[in-house]
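Read the structure below first, then the notes.
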Amino acid sequence: MISFENDYIQGAHPEILRRLAESNMEPLSGYGSDPYCERAREKIRRACGCENAEVYFLVGGTQTNAVVIDAMTKGYEGVVAADSGHIAIHEAGAVEFTGHKVLTVPGDNGKINGNELRQYLQGFYQDENHEHMVFPGMVYISHPTEFGTLYTKEELKQISEVCREYEIPLYLDGARLGYGLMSSGTDVSLSDVAEFCDAFYIGGTKVGALCGEAVVFPGKAPKHFLTSVKQHGALLAKGRLLGIQFDTLFTDELYFRISRHAIEMAEKLKEVLRDKRLPFAWESPTNQQFVIMDDRKMEQLREKVVFSFWEKADQNHTVVRFATSWGTKEEEIEELRNLL
Amino acid sequence: MISFENDYIQGAHPEILRRLAESNMEPLSGYGSDPYCERAREKIRRACGCENAEVYFLVGGTQTNAVVIDAMTKGYEGVVAADSGHIAIHEAGAVEFTGHKVLTVPGDNGKINGNELRQYLQGFYQDENHEHMVFPGMVYISHPTEFGTLYTKEELKQISEVCREYEIPLYLDGARLGYGLMSSGTDVSLSDVAEFCDAFYIGGTKVGALCGEAVVFPGKAPKHFLTSVKQHGALLAKGRLLGIQFDTLFTDELYFRISRHAIEMAEKLKEVLRDKRLPFAWESPTNQQFVIMDDRKMEQLREKVVFSFWEKADQNHTVVRFATSWGTKEEEIEELRNLL
Amino acid sequence: MISFENDYIQGAHPEILRRLAESNMEPLSGYGSDPYCERAREKIRRACGCENAEVYFLVGGTQTNAVVIDAMTKGYEGVVAADSGHIAIHEAGAVEFTGHKVLTVPGDNGKINGNELRQYLQGFYQDENHEHMVFPGMVYISHPTEFGTLYTKEELKQISEVCREYEIPLYLDGARLGYGLMSSGTDVSLSDVAEFCDAFYIGGTKVGALCGEAVVFPGKAPKHFLTSVKQHGALLAKGRLLGIQFDTLFTDELYFRISRHAIEMAEKLKEVLRDKRLPFAWESPTNQQFVIMDDRKMEQLREKVVFSFWEKADQNHTVVRFATSWGTKEEEIEELRNLL
Amino acid sequence: MISFENDYIQGAHPEILRRLAESNMEPLSGYGSDPYCERAREKIRRACGCENAEVYFLVGGTQTNAVVIDAMTKGYEGVVAADSGHIAIHEAGAVEFTGHKVLTVPGDNGKINGNELRQYLQGFYQDENHEHMVFPGMVYISHPTEFGTLYTKEELKQISEVCREYEIPLYLDGARLGYGLMSSGTDVSLSDVAEFCDAFYIGGTKVGALCGEAVVFPGKAPKHFLTSVKQHGALLAKGRLLGIQFDTLFTDELYFRISRHAIEMAEKLKEVLRDKRLPFAWESPTNQQFVIMDDRKMEQLREKVVFSFWEKADQNHTVVRFATSWGTKEEEIEELRNLL
């Protein structure tokens, strides 16, 4: 059985396991105060081209989104997101649980658009009743999006300008950031992200780590952010587990190398899908590919390959997702070719 | 430098690392649905003598407390705890963050007493204004407590009886449960805990795991508990990381063996402290030992040994804590003897 | 200056003021335990044809919605509402503040449709990821809606059947319930509302009271509802203020009589608007009328008449709202005719 | 039956009812934007000697406490209060409901002490674990306290100085502020309150109004406070109801005159209680008097007089409370003398 189910089906990149084992018995202080965390922070700052960035390590993506959004918005503010945004749909209401509404704007294959964002914000402040409404206090985007799509540098810049005009922070969910950065489908670099966003996270869970997301505040972190993290139940006692993983991922560009591998595998996967004449539901330049399958064919394939249901296309067809990752092997793609 | 700073200064028991590495490239589904999680659940059920228990894996202790308490109490209810309880002091208000008040009763070296609990509950319902007050909707205890102390089976039974009389669940925080179970200072067994409590967790973070706590509901879990876990940002994508760890800990009694080791080391540590005439702040039968040190001596010792500040005893003395763990070596205790 | 700004521009029906004055110096216990509250409850039960209903008095509409929704949903549940629903837009996120997401479905001039609701719920449970999503735990409708539109008995019954099929409560926001009940645009009676809904409120603020909404649970109220009300800061000390008002409103059918007056005034208003060839933005059978005005005309009229901006229709036209109420006088409508 | 049950047993001061009736049919805009609210704000500013104060009107005390505390603290902060504080005990956890912990310090008959407060705050910041604890983000006091006791100007100043030293706001719950200001038991004036506090409220509910509390921010109100009020379900649609009441109370010093009356009645009441040799549980210089009664005598008296149970004193004695108010008549006190 081969699996393209998602990008977190395997453990960690072996180098991470090796370094966890190597450092295992060293006594270290907890909560992110150990030297591995410090080294990882330093390397991340350098990779972001942002010497003064504050960096924190959290365990998972939903958690990170909820903590960052709660810490950066005022009580009466909500967060603007695409209607398909992960926080709007698939996080079990973790943001609302903290008291903040997710304010949705229509997305275009997962992306929001600077002009539409400006119109939304203008419309809000022009509405005579806006004091009875939830203030837009932050903008949330993801890169890649839920649809595997990417912003261009120009698009990201436009959104950022709107946010700065309205003095609200821009936050980028980078659960799959590596795959976005290594795709040829965008000119956005990590330092662009750091330049245009007020907060973002570099996803580890989906890019080679056992768990862990590195939150980066290019400017200043919210005051007493560590306490907010603790209050949300998100502070890991053995911070070393996160520090060592990110230290490893940002040593010798491992994060970028394994991301590039996933993109290369995705390119090969696209070739296979194209050759087999499976229509793409939409164009994705990253590690997730979405195709429309005949339901009978889908059921047959499921006996030998794991992949994900996305949504029904019509009565007899389904949009399905195949994902590559740092751990995908070329042989697996060849095997898929044979099975299709 | 030797360290008795706490019981989470090291990584994981080597057997855990070995099994993580061994299973690393197997593709597995996420969120706790993999076979390792299932096997770990099965072994935990057996260890608890509780075939129908529902078992969930979370990442950390504060998180576990907040999720379980929130899921098991109604909106207008709070949770009763000793005034020294971890949830009352050292979790940055994570319980209040979910909207529930921590209702404190005076603790006796961290323990609450069945009779006093009954008086508290009686008093509450006799108070003519109690509809204007926070209803006691759950009782929280920890075993071992913050002070390293333990309940006897009889004490635990009494608390449980009061809870059942008032129809509120009893929840036991077992961050250090292994150390409690292996101490000769109590007759409480794991199946006693399962019998007397409505929910409890078996701590992994402080007992040999990289991270992870196993929440056990001997009866039924709260409805849609997985969604509550997700909503609190506490659902780990790679559930395997927790499943494999608990599967390992509950194979060949590893959890109990390493806990017993920590207790043996604590016994030797107590001998050293006694021999060195350091007065104990209170008697602890578990892996944390609390002694009163002269401040100058404390400062000298700090140059060579890591241990924790607990509280000031008087102007020139401090209560300090030395903790052993699964990873403590006998040589380290001998070295401490030489340094004292 | 005449005003059609909204239906809460005036104080209370004079009979209410008279009875407040009459009972003013009687010493009464607080928090809704006085005999006026009890009498009002009894009369409301009778008006609803629902002898065992539990009735509570709260102060305002947003407050009532937030308290009832929070008390009737579990932590992991949200509330389904039309995308134009008051709770979705104009309550400053009061529902999200309590941790619950407002799950929107497209509304048709403010109404939701039983079939679309069933599709939404079916779709939710068919979605393989639904455990990672907010469970629909309640359905919220308003009658009249934000658009002044009304459900028919058949439509209400259908929604109710879907809710019962999925075992989730149906809650009706009756901020303007009187105006809905007295309109000829629907066959829904108060006892129908009590039959089809699990909770609803009879609006006082907009129908003749100084403040106050009567929450009716035709079956059982949520356990310890009074404490939930207090916890939300919604328990009025001098419950008499609400009891006396609702006792008055439900004596000699005052509530219905003054509602009917508002509807009669709305009919006359419609005639005037029709005669003046102002196109209706949509058909409303209740006390709020929405017409499209040329912006210059609108600005002129504003010098002599108060009415509300609703939304821009196009570059030179605006949808505006004229509202009648229990206090509207026929002369005012004639004056409007002269001014148009 | 005469009643000393509490200070909100009657409706409103007749002058308030008169003015409500007088203005009843005037059409006015809602939510506090009407001229009565504006006039009331202006008069309150003048009474406080604080021209730039921002003034908001809310409906009740628990609501006001929850909204103000939530709006003035950051997410990771709690509020320091005496252990007997109303927010700590008798508000059904309304503060915790907003996510903030009530941090208690021992009170002395309801009062906190500047020195002990400083020690608490010093202790907090000296605790090496304080980042894992709830930050003290505000100080809550009440004047009069739950025990009817009062701060002196010097005591209030000391608390204020500590707050300013630690840069946290001081908030005064003035549910019974009028009775405190008119008592001879303190030298604190309304302008002192405005000078020493960052926020406070002037209680209406217990001092002559049907409902309503006037929140005063001597400096600046929290940003978008109106939206926070709405979000908490605390924004009254017919703001006129509050505006007219406070306008009346602050016209010709009505608020102070009726408060003085209650204090005079309390003085007479004390004489009666003293004459009847009922021991005072503690000395209260305000409108609430607490005496210890033999339980049999208490039961007898209850047949003719309403008063409140406070707490058991010993097996056969109870502390009971007699409250006077703006509405208490001298005859009632004479009648009590005859009945005792």
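Chains here go by letter, A, B, C and D, matching the order in which they are written, and residues are numbered from 1 within each.
Note that in this section a residue touches a chain if its C-beta (ideal position, glycine included) is under 8 Å from a C-beta of that chain, and two chains touch if they have at least 3 such contacts.
Remember, predicted model here, so these are calculated numbers, not experimental data.
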Note, CA centroid farthest from subunit B's centroid sits on chain C
Compare the two sides of the subunit C and subunit D interface and say whether they are made mostly of the same residue numbers, over half shared, or of different ones. same
From the C-alpha centre of subunit B to that of subunit D, how far is it in Å? 42
Per the C-alpha means, the centres of subunit A and subunit B lie apart by a whole-Å value of 33
At least two partner chains per residue is the criterion; list those residues in subunit D. 75-76, 91-93, 97, 99, 131-134, 227-228, 230-231, 235
List of subunit B residues in touch with subunit A within their complex: 1-3, 5-6, 8-12, 14, 17, 20-21, 23-30, 59-67, 91-94, 97, 205-206, 210-211, 227-228, 230-238, 240-241, 306, 327
Taking the complex as given, what residues does subunit A use to touch subunit C? 75-76, 78, 89-93, 96-102, 128-129, 131-134, 309
Note which residues of subunit C are touching subunit B in the complex, please. 70-71, 74-76, 99, 131-135, 223-224, 226-228, 230-231, 235
